[in-house]
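Going by the order they are written in, the chains are A, B and C; count residues from 1 in each one.
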Amino acid sequence: MKNIDIKSNMQTSKFNWLQYASPKIFYPLAGKLIPWCLAGAAILIAYGLYLGLFVAPTDFQQGEGYRIIFVHVPAAWFSMFLYLLMALYAGLGIVLNARLSYMMATAIAPTGAMFTLVALVTGSLWGKPMWGAWWVWDARLTSELILLFLYIGYFSLQAAIDDKSRADKASAVLALVGAINVPIIYFSVKWWNTLHQGASVSLMNAPAMAAVMLKGMLVMAIGFWLYSIAVILIRVRCEILERDSKAAMFRQD
Amino acid sequence: MVFLANQYALTAEHVVGVRGERLLFEKLNFKCSNGTVLYLQGANGTGKTTLLRTLCGLSKPYAGSISWCGENINSLAEEYYKHVLYIGHLPGIKEDLTALENLQFSMALSGTPFHLLQATEVLKMLGLARGLNLPTRMLSQGQKRRVALARLWLQDSPLWVLDEPFTALDVAATELLKKKIETFANAGGMVIMTTHQEVIIDAPNFIQLRLDS
Amino acid sequence: MYKELGTFSVLYCVLARDIRVALRRQSDVAAVFFFFIIAASLFPLGSGADPKLLKAMAPSVLWVTALLSCMLSLSRMYASDHADGTLEQIMLSNQPTVLIVLMKILAHWLLSGLPLVLVAPLIGVQFNLSGAELQTLALSLLMGTLALSLIGSIGAALTLGIRGTGVLIAILVLPLYIPVLVFGAGAVNAVSIGMSANGALSLLGAVLAMALVFSPLASAAALRIALE
């Protein structure tokens, strides 16, 4: 049996702008980018933590506990952003029928789920001294929790389907449906929270935003972004190798 | 039969078939026109069913294109489906419904009006006189297949795509089906089929295509 | 040549067939219905029969139970059609798949959603709900269960032919059900605390409208992927 790289080869010959969609060209390019992204991420995250933990002033209301916000808020941003990005790649995959897009979507999911988990854990760590409980059904935290469920659904579906190409497409549809639902869920949870008058102290509105705090958060966010890019690229490279070795296995028999 | 009046053509160009991560066939080219019977051959696992499903539009070809009268079947979609009568590996028979109810549903999906008398007659001719009003779960494999095949007598689609139509049929039914395919092809119809039985179909244009060569 | 059947006759035929098949398998339909009644009756046994507590719990209990009942029957939605090959015929129909899928969803709702809407007020009485609350409960379930069938159809189509389908559907679909639950139970809660249910019901209507537009599209795409 022969390898099935026909399609990606055909694409490179027909449309030049799509050439980076060919795993063969993408693979070495990604390899070159990864060390730079990792180094940048390490520096920015270290600087952001320094700003957050040492430079930013102590909050008069919440004391030192609020400093966890420097991790929590960028993590929450990225958990949402990466879900939408994943859905975008999934949609691209369906429209262009490009394998690399599906691989990108698959590779983004674990990082997104990781940030969701970080946002949940930091949120609950912050909540203990503030609310006196590890978990409060605050609108933001609840939305994060549901987002985690959406990620879990995506992983479960992908794991349950043996045929790779079907798994790619089916989970892409799920990611798109989820992405349409994210704003609705977010809104419904906010609405639910006001109806039931949940926690009135929120992580976002408590401390007045000093300029240095905003700077710290942005630096952290860019650091997270570079980290995400690096990890996602590493994962896509693994995925390419894995799929190629499977195709090679068939070539031998 | 009205097919002689219309000219139809199904063209496959550089079609590549893949199942899972596995290449089944590549660069397949052929053209079917009125009166063609295309007989696909090949061992198990060579992609006969995949090709049939691709030809009737259930799956998209991995690469290459299939066109009906010059237009891509995947963009024609419903416009193409109404010309195709596909009887697949699974008979497409609901076990809780009777033979007549099953036929009515299958025919409705392809837009064909259902006439009780006509359908009863065809089922009787196929030897199902006693099972007309039984739930099809009470019928044997061969009888279920006959219920599915009854559509060939009741619908007039110019293209038949038949996956192993002779499976589970007895000698008489096999002969009946073979005759039907021949009449249909001679009237200008097109048939694409697979089968493990050795059959020679007497058609204006009988093409044999081996997938594993 | 005969005259082709119109879209409406074909769609009616699809709906009629699904209902006819279900009526020959009445036990399946009845099972969902009884699950709803039995599961809802378990809550007072778990929490004690304090009328105030029950009344406070009722909207969420009834809504969550209805949601679970709807979900239980989802795996059947396309599975038998997939197993006997009729799904292939559906995909190759000369009518748009989206419309046929919509009919199948409608049949599912008529058979598993609507019975719950009819029996829910009776169970609501057991939970000491007042007349206005019962009305809102029935109305919210009427819209909500249809939305549940619509959204659930996507999950059923995505998991077609996969091992361990039942639990997987739950994982995929439950997070997507949250807005329906929030607005549906919210409407009843609003009446309980003396507010108008209109806000919640309109939001529920909006979710239903969104589901009506997107879900048949997504389901049809998912079915196509499952059959490829």
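The rule we apply is simple: a contact is a pair of C-beta atoms (placed from the backbone, for glycine too) under 8 Å apart; a residue touches a chain by one contact, two chains touch by 3 or more.
None of these values were measured; they are calculated from a predicted model.
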Maximum centroid distance from chain A, chain identifier (CA atoms): B
Centre-most chain, if every chain is reduced to its averaged C-alpha atoms: C
Euclidean distance of C-alpha centroids - chain A vs chain B, Å: 47
Rounded Å distance between chain B and chain C, as computed from the means of their C-alpha atoms: 36
Centre-of-Cα separation between chain C and chain A, whole angstrom: 32
For chain A, residues that touch 2 or more chains besides their own: 165
Residues of chain B touching at least two other chains: none
Chain C, residues touching no fewer than two other chains: 228
For the chain A and chain B complex, residues of the former touching the latter: 1-4, 6-7, 10, 163-165, 243, 246-247, 250
Residues of chain B that touch chain A when the two form their complex: 16, 18, 20-23, 26, 62-63
Residues of chain C defined as touching chain A within the complex: 154, 158-159, 162-164, 168, 171-172, 174-176, 178-179, 182-183, 186, 189-190, 203, 207, 210, 214, 218, 221-222, 225-226, 228
Chain C to chain B touching residues, read off their complex: 1-5, 9-10, 13-14, 17, 20-21, 24-25, 80, 83-86, 88-96, 100, 227-228
Interface residues, chain B side, partner chain C - complex: 2, 56-60, 78-79, 81-82, 84, 86, 88-97, 101, 104-106, 108-113, 135, 156
